[in-house]
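Worksheet: one structure, shown below.
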Amino acid sequence: MAASITVLVNDAHIELPAGITLTAVLDQLGVDGRGTALAQNGEVAPRSEWPTTVVAEGDRLEILTVAQGG
Amino acid sequence: MDDPLHIAGEAFGSRLIMGTGGAPSLEVLEAALVASRTEITTVAMRRIDPTSPGSVVDVLARTGVRPLPNTAGCYTARDAVRTAQLAREALDTSWVKLEVVADDHTLLPDPVELLDAAEALVDDGFTVLAYTNDDPVLALRLQDLGCAAVMPLGAPIGSGLGIRNPHNISMILDRASVPIILDAGIGTASDAAIAMELGCDAVLVASAVTRAQDPVMMAAAMERAVQAGRLSHQAGRIPRRRYAEPSTSFEGLADLGAGRRP
Amino acid sequence: MDDPLHIAGEAFGSRLIMGTGGAPSLEVLEAALVASRTEITTVAMRRIDPTSPGSVVDVLARTGVRPLPNTAGCYTARDAVRTAQLAREALDTSWVKLEVVADDHTLLPDPVELLDAAEALVDDGFTVLAYTNDDPVLALRLQDLGCAAVMPLGAPIGSGLGIRNPHNISMILDRASVPIILDAGIGTASDAAIAMELGCDAVLVASAVTRAQDPVMMAAAMERAVQAGRLSHQAGRIPRRRYAEPSTSFEGLADLGAGRRP
Amino acid sequence: MAASITVLVNDAHIELPAGITLTAVLDQLGVDGRGTALAQNGEVAPRSEWPTTVVAEGDRLEILTVAQGG
Amino acid sequence: MDDPLHIAGEAFGSRLIMGTGGAPSLEVLEAALVASRTEITTVAMRRIDPTSPGSVVDVLARTGVRPLPNTAGCYTARDAVRTAQLAREALDTSWVKLEVVADDHTLLPDPVELLDAAEALVDDGFTVLAYTNDDPVLALRLQDLGCAAVMPLGAPIGSGLGIRNPHNISMILDRASVPIILDAGIGTASDAAIAMELGCDAVLVASAVTRAQDPVMMAAAMERAVQAGRLSHQAGRIPRRRYAEPSTSFEGLADLGAGRRP
Amino acid sequence: MDDPLHIAGEAFGSRLIMGTGGAPSLEVLEAALVASRTEITTVAMRRIDPTSPGSVVDVLARTGVRPLPNTAGCYTARDAVRTAQLAREALDTSWVKLEVVADDHTLLPDPVELLDAAEALVDDGFTVLAYTNDDPVLALRLQDLGCAAVMPLGAPIGSGLGIRNPHNISMILDRASVPIILDAGIGTASDAAIAMELGCDAVLVASAVTRAQDPVMMAAAMERAVQAGRLSHQAGRIPRRRYAEPSTSFEGLADLGAGRRP
Amino acid sequence: MAASITVLVNDAHIELPAGITLTAVLDQLGVDGRGTALAQNGEVAPRSEWPTTVVAEGDRLEILTVAQGG
Amino acid sequence: MAASITVLVNDAHIELPAGITLTAVLDQLGVDGRGTALAQNGEVAPRSEWPTTVVAEGDRLEILTVAQGG
């Protein structure tokens, strides 16, 4: 039985399976990867490392995307 | 491409940069982008909103306009650098419109944080287009730090007050070795024409278009205004004279029997 | 034809009227007329000069631009009326741009003679487009006398000083029931855009184009400027604000660990 | 032998055959009629009457044409 | 008397003329007249009102300020002439501030009626100070008709918009042989100073003082502003320069061991 | 003392500060200081020149005007601090007008060095009056650092261009908790009046007086202009209106038999 | 018994004794003569003639005085 | 026989008696002390220490005074 972790995504607490990668987080949240960026605990997570970067209990994730801006 | 704008070695046919902020809908935004004929448009980085229908990404894809991410909302060099780095990942571009503001009432840049951020981003390999106030000293510092373009304001963001201090813009242009892009304050088409006549290389408009009563028509107005100002700047205007200078010659004037000119 | 200009029941696609005076050569004049996309151009009546090569008549024929004869050089109502009548014979047109000036230093209109001439010409069946100063009272009198269009100046003819008193032009527009055409004083493209944004129906330029360093390029600039101003006027500009109004929303701003906005 | 008359054309004294019409004056001066207007002794001469209007000794003629003007 | 203003052969120590219209009370009017140090004040002719307490006549008597009757409210030359004649009987003065307006919305002068009235009054022996618009042609005509002073407006009466077209005022001054008194439009003290710096001989203010929140303080402000502008005009201002010109010399600058100027 | 200016707890009766730089002679300087009625005058620190006849020190002694040493000619915080410390020894005053400029072409302040110097001088017990550009952000930073007064420019030093950006000055005033003294750019008396009408607490003039054709007369003009602007600001000006507002009532208008108003 | 006349004074009908002079009219109306002017039937009545000018039935009088004006 | 030292005063080399004080330097140069300030080797010399501060060979002195300035 898979353990679960709690992660702070964009200021909201979300429960995710332990060992989940950043790529899988986006999939699970239904986020289209286009125009998207990720910060893990305040550090930029390069897109090339999303498939191999594992999320840990208590991590702070910022998932950003392109929005209208002046 | 006639009379292209060069930024960091790339050439653009249009000298109008449009911001995407403030549009009432993505449909209107898309139509305005098309009407403006812009080739570059600014975007922001914001948290994903699963409830929002459609995406700016789709608009960019359909129109083929190149996105220029900004760092709007940042008050410190640290936040601005981080935001630029995130945008680089999101959009696969090292170009950034750098904004570091001092407060949300004036949205004027914080000179010290702005310089710090510009230096850090240039060091990190970014192509930095720096939003700044109209201080010729700050503009020169940003240029000397390696910014690819300097973007002085005409007036506070969204104020629509036009170019409050053309003399400062003109002094900035005197010492410019990179493109000077008039950013912020444009309220109407003639403001954009004036910017170009002063010698600016390009103009950025956001609210002036997206918040006009008819954004698409205003986008078309801005497109023509920037062209008008550019052509006028290059055509070489007539000098200003205190008194009249007849456009119709007096030579060959008929004698019709009445009094001649005094 | 989109958004046509109507004068005396006729429709025109362009809101730019170009004067032919001041061009360095007929070749340049012709190219500038084409670049301006104007449909009406002013001409003067002068004594035949057997030594002059080519003729404005040929330029008009080739370009198909409609001539609007003026009464430039007239100081009295009598001379202006006579000149208009001669132009009617020469060009088979009852349209006339009425000019009655007070002196050749200012080339400003003589109010009394102007009113007399306008009345006489309207009575004689002319379609009178009256060049006037920017006095709202005189403009209203000309309109009430039956002029088909009123043409207030922005500044003295050929001065290139732009629109010296936008408030007067605006007061003229408030009471206008015929087209108001900004005439005289335009120096550069943004001046023309401003005239249209004020609400003028059209703009006339002569020296600003013909005496620019590159008249053809300036004609192209004016064409775009008039369009820009017209579109901008109709699109409904954003209000002027004392302080900033963000074009980028603060909503969804990332928390990147540094200080948030003050 | 044809008599001749002296006429003031645009301030210049010119000798012309007696009985000459306005149309013939233009021909003689090599003036293309397009864009042209005539005043005879200060009065406008309508184009339709040029062929029948005779010029008299001492007449003042103004022959105007379209020129560049603002 | 230092640097007096001469009108029709009479000398005045103050170059500020105050209008009496618009004051909230006769007490305030009197205090403002005193604070303004004016020597001439305009008054109107109106039907007697038995219910009104006190009278402008008493204020004039107490302050010793010379009354200058106006013809405000007249739309025709005939009415203006009649009003001037009545004022002559009432005040035993042949001086008149001539106003003939076209409508009560703009209160701008009617050029034709104004010229007729000026001519008739000069013929009738009046010393005519003519309120006019800022048209240099009309101003010159009034001067040539024999007016003792010409009073061009800065902006519509009571509008407080300042001097909308300094270039026109300047052209009027170029050809002036009688005193030019800036009348109407003044909103604040700097407007009066600007009028004098342009070279006007005097300034008339009414609403700007009488309708200010504190009329007496504003009268004092105007007194100083007119002096400031007059002195400044005569002192010969520094030229405008595009770049800085140090007021502190670099000569003798200490070498304090740090970097010297770049 | 009526309506005094307070700086760092001291009260001054005059709101005009005069600079001593640029005067053609010490005699003219002294006469201008007297005519200006200033109570504070700026001076520089320069190497002794044994050949120079007379001394500013004598002028100060005779006129009793308080000297305010500046740091003109300094490009770094280090030099400015050292210069202020020397001036403190020389004049036994801890007051300093802080100038740290970026280059001698614009004489515009270097924002980063200026902030550093201000902080160091405040820490060292100085009463700092900081010359700055018209950036509202920089002005607020200087105020927050403890400067006793903030002195934004109207235009580059000695340029005589007046107040190029009144909107910025106005935004600075909105957030001011210390006196705001308009410094640099004043060219003529009306410029000083406008500064005071915007709400500035005082005005500093140097070149505008010392380099005028008649410095003493211009000093007198400035004295009145500052008073005029201050009084006008406090008196509460009339609102601006688009159309006329009669200063003469139509009530009680006579019926003289001719046409009444339309 | 004195007859009376009706006169239009500043647009108001007023009854006055027949044969009254302009001076007497002002007295009767309590008008201080300072700063005052009179028009009789649209014509200016010079101050010097007030004592001798008689008012007739139906006359239109305008009695004006100095008022505040810009 | 008194030794002498060479001092750089406002960028000029000047010979002065060894052991001379700042106060004496000013006297020797005929400088009125009013409105005057001194820097010794780049450091501010407080007025109160002038009488007791000795100048050494090779010292750099800046002697400043109040001048016209904007």
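As written, the chains take the letters A, B, C, D, E, F, G and H, and residue 1 is the first residue of each chain.
Simple rule for what comes next: a residue touches a chain if its C-beta (ideal position, glycine included) is under 8 Å from a C-beta of that chain, and two chains touch if they have at least 3 such contacts.
Here the structure is a predicted model, which means the values were calculated and not measured.
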- Item | Per Cα centroids, the chain farthest from chain G | A
- F-H compared against E-H, more contacting pairs: F-H
- Task: Express in whole angstrom the distance between the two chain centres, defined as the mean CA positions of chain B and chain F.
- Result: 34
- Averaging C-alpha coordinates per chain, one finds the centres of chain A and chain F separated by a number of Å equal to 57
- Message: How many angstrom lie between the centres of chain D and chain H, each centre taken as the mean Cα position?
- Response: 97
- Note on the structure: For the pair chain B and chain E, the C-alpha centroid-to-centroid distance in angstrom is 45
- Query: Which residue numbers or ranges of chain G touch two or more of the other chains?
  - Reply: 39, 42, 62, 64, 67-70
- What positions in chain C touch 2 or more of the other chains? 19, 21-22, 44-47, 70, 72, 82, 86, 103, 106, 108, 157-158, 161, 167, 171, 206-207, 242-243, 246-249, 252, 254, 256-257
- Query: Which chain E residues qualify as touching chain C in the complex?
  - Reply: 102-103, 106, 108-112, 115, 133-138, 140, 155, 161, 164-165, 167-168, 171
- The chain C residues in contact with chain D across the complex are 19-23, 29, 42-48, 50, 55-57, 60, 67, 69-70, 72, 82, 85-87, 89-91, 157-158, 184, 206-207
- Residue ranges of chain D touching chain C (in the complex, touch as defined): 10, 29-32, 34-39, 42, 44-47, 62-70
- Note on the structure: The residues of chain A that touch chain C in their complex are 11, 39, 42, 60, 62, 64, 67-70
- Note on the structure: So, in the complex, the side of chain C touching chain B is made of residues 19, 21-22, 44-47, 49, 70, 72-73, 75-76, 78-79, 82-83, 86, 103-108, 156-161, 187-190, 192-194, 197, 206-208, 210-215, 217-218, 220-225, 227-232, 234-254, 256-262
